[in-house]
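We call the chains A, B, C and D, going by the order they appear; numbering starts again at 1 in every chain.
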Amino acid sequence: MNTNLAAQINSFLAAMILLTAFGMLVQRRMYGLIHLFAWQGLFLSVSTAVVGFVAGAHHLYISSILTLSLKVILLPYILHVLIQRLKIHKEVETIVNVPMTMLIGIALVVFSYHLTAPVRELSTLITRSTLAVALATVMLGLLMMITRKHAVTQIIGFLAMENGLFFAATSATYGMPLVVELGVALDILIAAFIFGIFFFQIHTTFDSLDIDQMARLKEED
Amino acid sequence: MPLLILLSVPLFAAIVLAFIGDRKYAPEINILGSAATFAAGISLALEVYVEGPMLAGGKFFFVDAFNVYLAVLTSFVSMTTAIFSRRYMRKERQDGHVGPIRMRFYHAMFQLFIFAMLLCLLTNNVGVLWIAMELATLSTVLLVSLYRTPSAIEAAWKYFILCGVGIALALFGTVLLYFAAEKVLGAGGEALLWTNLSQVSGKLEPTVLSLAFVFLMVGYGTKVGLVPVHNWLPDAHSEGPTPISAVLSGLLLNVALYALVRCKVLVDGSTGTHHAGDIMMGFGLLSIIVAAFSLLRQKDIKRMFAYSSIEHMGIATFAFGLGGPIATFGALLHMLVHSLTKSAIFFTVGHASQMHWTQEMDRIKGLIKGNPLVGWGLMFGVMAIVGMPPFGVFTSEFLILTATMKDAPLLTPFLLLGFGVAFAALFRRVQPMVTGPVPSYQRPLKAAHIPVMLHMALVLVIGIYMPDFLNRWFHTAVELLK
Amino acid sequence: MMFYPFLIEVLQILIILAVAPVFAGWVKMLKCWSQGRTSPGLFQPYRDIVKLFSKDVVLAENASWIFRGTPYLVFGVVVLSGGIVPMLSVDLPLAATADVIALVALFAIARFFTALAGMDIGTAFGGMGSSREMTIASLAEPAMLMAIFTVSLASKSTSLSQMVQVVYSGQAVLRPSLAFALLAFILIALAETGRIPVDNPATHLELTMIHEAMILEYSGRHLALIEWAGMMKLFLFVMLGIAVFSPWGIAASGDLAAIPRAFLFMILKLGAVGAGLVLIETGLAKMRLFRLTEFLGSAFLLATLGMLSYFILE
Amino acid sequence: MTAIASLLGVAAGGWAVGKGITNQIILPLGLPDLLFHLRLDPLSGFFLVVIGLLAFFVSIYSLGYVKGFLVHRSITSLVIFYCLFLAGMFMVVLADDALFFLISWEVMAAASYFLVMFEDEKIENRRAAFLYMIVAHVGAIAILLSFGVLAGLTTGFQGFSGYTFDAMRATSFPLGWATAAFLLAFFGFAAKAGVIPLHVWLPEAHPVAPSNISALMSGVMLKTAIYGIIRVAFDLIKVFPWWWGSIVLIFGLVSAVMGVLYALMQHDLKRLLAYHSVENIGIILIGIGLSMIFTSFHMPLLAALALTAGLFHTMNHAMFKGLLFMGAGAVLQATHERNMEEMGGLIHKMPWTAAFFLVGCISISALPPFNGFISEWLTFQAFLLSPSLPSPLLNLLIPMGAALLALTGALAAACFVKAFGVTFLGHWRGHHNPNVHEAGWPMRIGMMLSALTCLGLGVLPTLFIEWMDVISEQLVGAKIATSATGLGWMWLTPIAHERASYSGPIVFVGILAVVLIAYILLHSRPAAIHRVPIWDCGFEKINQRMQYNATSFAMPIRRIFGFLFSIKEQVRFVSLFGHKAFPKKLHYHLRIRDLFWGWLYKPVVDVSFWISRKVGRLQQGRIQVYLIYSFVTIIILLVFLG
């Protein structure tokens, strides 16, 4: 596989990641979201492996496998189980003003591109152009957290952000040092357990996972 | 060697505590672990004091004047907090707020949290720094929701999500930092070591670094509790158990600020401008003012002191942003004395609310007569925190204010406004609580004397007589942060 | 000549003790004439005082030592002031004891104690008198100081003998500032000595009394001392005005022979001032208490005008 | 104990002023790079004497006074904070670097705060203490900033040596910065001194504090602020334009007049005294302001005169105000009452206290032969000399100030006729007759000593002025000539013999002599004194409710100066037959408030709470909104940097 091809594959995968990010932004159904998230993880994992192969950075394979096992298999599975356990699978969520959200998302992509343009000039890596996509994914994850009202979707948004970060790490730099990668993965694992516990706590206390109920700690009278 | 002990003791203690569970002597083990940590911290400090900055564990750890003093502080406050929590948590158990499982969880997580913070301070690797920071968040999230009340869960959720997002942004910043460093230092672990980065900071790409700083600033700033990304802080501090509020306020914020300052040094070194400092000053100033005005309308005692923490972190951030020897000196001192004072305040606040069965300030009255230690402790604590001499906070605020007057005189009115309002707001609330006759519903309580008195005495001593070694430490740290 | 100044001093104190009642009698006499009444004679005040001295004292039950001591104190203060204002000669040893400001303060202490004595008994009248007296005094004081200020601008001094000397030596003739100051001084003196239109010394009508209300409870020798001191105070104010604004005829330093001449001049001037006083008192009606603000305000205005005209015109 | 320590302070201060020397000590405390510097020079020595002397008297007094508390509460905290308070004041005047100065300053403030709050079960005490603390702290911050400005301009700012006063003395400051520093310092010190409009805490805090503390707070704590102003202006900055002096002068005048007017309206004895502190601080500031004006026009002699007047008044005010508060404390302890409307006739039951209080009243009313007169007279002399200034505008305006000062003096006299008359004279006005007794011996001795000092300073001012001349010599470079002739101690002649003179001894001895002569002459013939009931004008028996009281006494003045207060007057009729002509009962209600509450403080408080409400909206409860904050913040920063 020559470098050029790899770059093309990588760009394609980047586009797919971006697409799934947008998909998650507007997806109303819970299962659909989880599937989209798993797809995004898969693209990420493949992309990591490709980069690792091209750059000869073998620790990226470990990264890739970690991503695959965590984000494509483990986390979606946990979410699945939780949703069934907590009987929320039928819930369809309302999102504030979908077209508006889309527009903001597009603006964010443009903005990310503009922002990373000077950085792109500096880099010699084949993956350099994907940095904008990574940033956009992070921002879209954040946007998703803002527009959603459900605890599970917020968590998915959060994880999507993490995906964007991983992508940034691989695309911009051919991956962080292994210690860091492992640590980050560990953290995400712990976080996953914690939000699992949280779902139960919230559910038993509030009878649903709608976070609009959790707005009582405030300063307004 | 002390370094290894310093790190391993809390980790080990966490494991032990997780296994032995809620035994009668668990609090004592907790104290013992913290005390051992503190002893290790002291010996490490001595070593550094004698031999100067050092690397350890294959460049993985790095100790210099800046972080060693914070490490000692962290281990010290964690020790006193452990002492405090023995009596406090026993009372909570008697009142039926927490059960045995949660007690086990509490003790283990407490130690884990200390470990995370120490790792955060001592590591040389910017990436590991990030991981430890995230670990510190995660270990406290469930402590905040320990009481399982709706508001506690809500607070913990917000803490989890907001800090999670914040820290994610910080990771993005770290990636960008690595991106820039890799060009100069080559790929691999070397490029994330702070010791290497600080040496080559002039060669790092300025555009990338300033971009990175934005993310780091917002990310770690969330943890520091800077306005406008502070919103998790009052909730988490007011709903968690009081010992946790004390360490969150007294230590975690410091650690986050430490990370931020390290990054700022790199960025300013690279860009050659003062942009990072300016941004920090802006955040600091905004925090001071917003927190000061928010203080005015608080009804919940712990929430009020949470806002006070925001204000003080704002002050320290502002001073670091300002730069210059005197302001930096003041900021370092401020971190130290704020953490001592604020945790002492939280100790007394915890007892006070136990005495009255509530955190509502309107219901808390007559503390001095009811329990002189709690009453006077709170009174003097507040006097110290609002910057009354002869306590140490005054000294640091004095240095910061005068330095501001020198370097950015136009900003002093805002600082002044913030200080004045915060002062009035705190006093307005605290005075009725400590004075006056004892209300009928107050119950007597055996308070934890040692931590409160120890902290206040230290703050007092620092205010009147700063030992020479501390002074030299600060000066070395100031040199480092230039 | 060592004794010369002391001689003057003694002489002057004797004069003030002796002449003050006569002057009061003179004013009363003129007043009677002007109102078409028969006058009791020039020396009636003497007879009053002597009669009061020989009477027993009737004291209210709860009068304290303040009430009893005040007459002596007032008397003492006024006599001492009498030794300070130059009447016959500029060369007065005690004149250096107090300058004009201190002199005003001496009068103030007399007033202070009189007001306290008025409150001592605990009647409504006493308190009313004290309250009004102190109010008037506080309004008069700034005007008084302004007048002094104006005069001292001309003489570069507040020391009385120095002021007299400067005016006497003709360095200050027909100055507008002095004229204004004189007008102001007259208004203030009327207020300070309790004459119409500020106060009416002859009335005992409850709504109008001021000074009389304070001393209503006095009797016997206490009343005699107070009355006497009151006459001396009037006399002193007249002398002060004469000394500062028209000292002509006063004996120069060390000139013993000029003393009789100076005495003569003094008597003449006193006669004239008495006539003027009566003219004012018969011509004007007593003012309402709250109109006094305007009265004393105009005194202040005049004094200030005097000062301004000094700076602007001279 | 404290008495002895105070005496030591007096001795040290007296020695320093007497010898005119300067000592410097550096304590091994504080920041290692900024040790605590102490310095004893004539100026601080003078204030040391003032503080020490009054503290000595008050300490003796306290021995008796605190016994009143022993019955129902522990006095440990009172004693501890009392000592801290004294120590704080001593340290303030000795401090020689900015940090130590501020530490002492705030120790003093904090200690007095706790002292004010000593009887903390009363809500008014807490309120007063709170207000006091706020104002004091805001003032302290201003002072801090002022030092910040000064230190910033010294050469040694990079290290810490710039914070010492020595470094500031050695620097000559550019005008703009010096002005900022001065104004800040003046603001800060004025807040402490109770200069209008920063005075509101004072009439709240002084009345509720234990009386020995009120005596110290009013008598000497306010003086530390005066010390601060003198130190900053004359010693640290040194060169300044004339309008600085005018500012001080104007604030002094306003405080003097407004202070005394407000005092007149009070019927709480200690509150009245507190307002008088505002007035007297005003008078002191007049002296200092004039001195500054003269200094800036390079007229050292006149500057020395005005400065001496101000300092002398500082001493005097400490003595007589301490005395008055001690007297008020004795009354309070005896009657458990601060409201004058409920007092009267105490002179019969407390003859000693009455006599001492009277001495205080005469002194503060600036009447000879007591000390208050001397300083006011000196101030007048300084005023009268102002026409020699080379500025026509000042020439025209300053005399008006003299007139205002005269008004102040006269109103003060009126006020103390009221205070003494209503409290000690007449009949008891209260509803029930309490068991009133004379104050104990320690209290009497304390009061007697300060009364004697008042008299001594009034009769022999020249000795005192000669002793303190060295201060003005150091600060403005000239002495005032007091001892021109051999009998110099008798005559006080500030500038020249021809100019003006006053002789305390002669006035004192003269009055005494005439009074004695008159008394002896009149008593050579025995005359009976009949004691009879008060003449009731032929009506029914008059009762004690018919007396003039504090409110009615001040009525004429209230009418005249009514526009300066916010007055609510209410008369309510309860009438027979439903017609006004047949009143059965009259309710008279009068409420006088400090004008500045409505003008200055309430708006500030309201605005603060308004902002606070707005700021509170930030924390609005929904996590999405918080996320938006992060989002927007990062976008803005990226735009800003990218």
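Quick notes on this one:
Methods note: a residue touches a chain if its C-beta (ideal position, glycine included) is under 8 Å from a C-beta of that chain, and two chains touch if they have at least 3 such contacts.
All of these numbers come straight from a predicted model, not from anything done at the bench.
Between A-B and A-D, more C-beta contact pairs are found at A-B.
Among the other chains, the CA centroid farthest from that of chain D is the one of A. Between chain A and chain B the centroid-to-centroid distance comes to 31 Å (mean Cα coordinates, whole Å). Centre-to-centre separation between chain A and chain C, using Cα means, comes to 100 Å. Distance between chain B and chain C, defined via averaged C-alpha coordinates, is recorded as 78 Å.
Between the Cα centres of chain A and chain D there is a gap of 69 Å.
Among the residues of chain C, none is found touching two or more other chains. Counting partners per residue, chain D has 613, 615-616, 618-619, 623, 627, 630, 638, 642 as the residues that reach two or more other chains.
Chain A has residues 115, 142, 145, 154, 211, 214-217, 219 in contact with two or more other chains.
Taken pair by pair, the chains that touch are A-B, A-D, B-D, C-D.
Residues 57, 115, 118-119, 122-123, 135, 138, 142, 145, 151, 154, 158, 161-162, 164-165, 168-169, 172-174, 176-180, 183-184, 186-187, 190-191, 194-195, 197-198, 201-202, 205-206, 211, 214-217, 219 of chain A are the ones that touch chain B when the two sit in their complex.
Within the complex formed with chain C, the chain D residues making contact are 344-345, 347-348, 354, 358, 362, 365-368, 373, 377, 380-381, 383-384, 387, 392, 395-396, 399-400, 402-407, 409-411, 413-414, 416-418, 420-422, 425-427, 491, 497-503, 506-507, 510-515, 518-519, 522, 527-535, 542, 544, 546-549, 552-557, 559-560. Interface residues of chain A facing chain D in the complex, by the touch rule stated above, are 111, 114-115, 139, 142-143, 145-149, 154, 211-212, 214-221.
The residues of chain D lying in touch with chain B in their complex are 28-33, 98-99, 102-107, 109-110, 117, 120-121, 126, 129-130, 133-134, 137-138, 141-142, 144-145, 147-149, 151-152, 157-160, 163, 180, 608-609, 611-613, 615-616, 618-619, 623, 626-627, 629-630, 632-634, 637-638, 641-642. Against chain A, in their complex, chain B makes its touches with residues 125, 127-128, 130-131, 134-135, 138, 141-142, 145, 148-151, 153-158, 160-161, 164-165, 168-169, 171-172, 174-176, 178-179, 182-183, 187-189, 191-192, 205, 207-208, 211, 234-235, 238-239, 294, 297.
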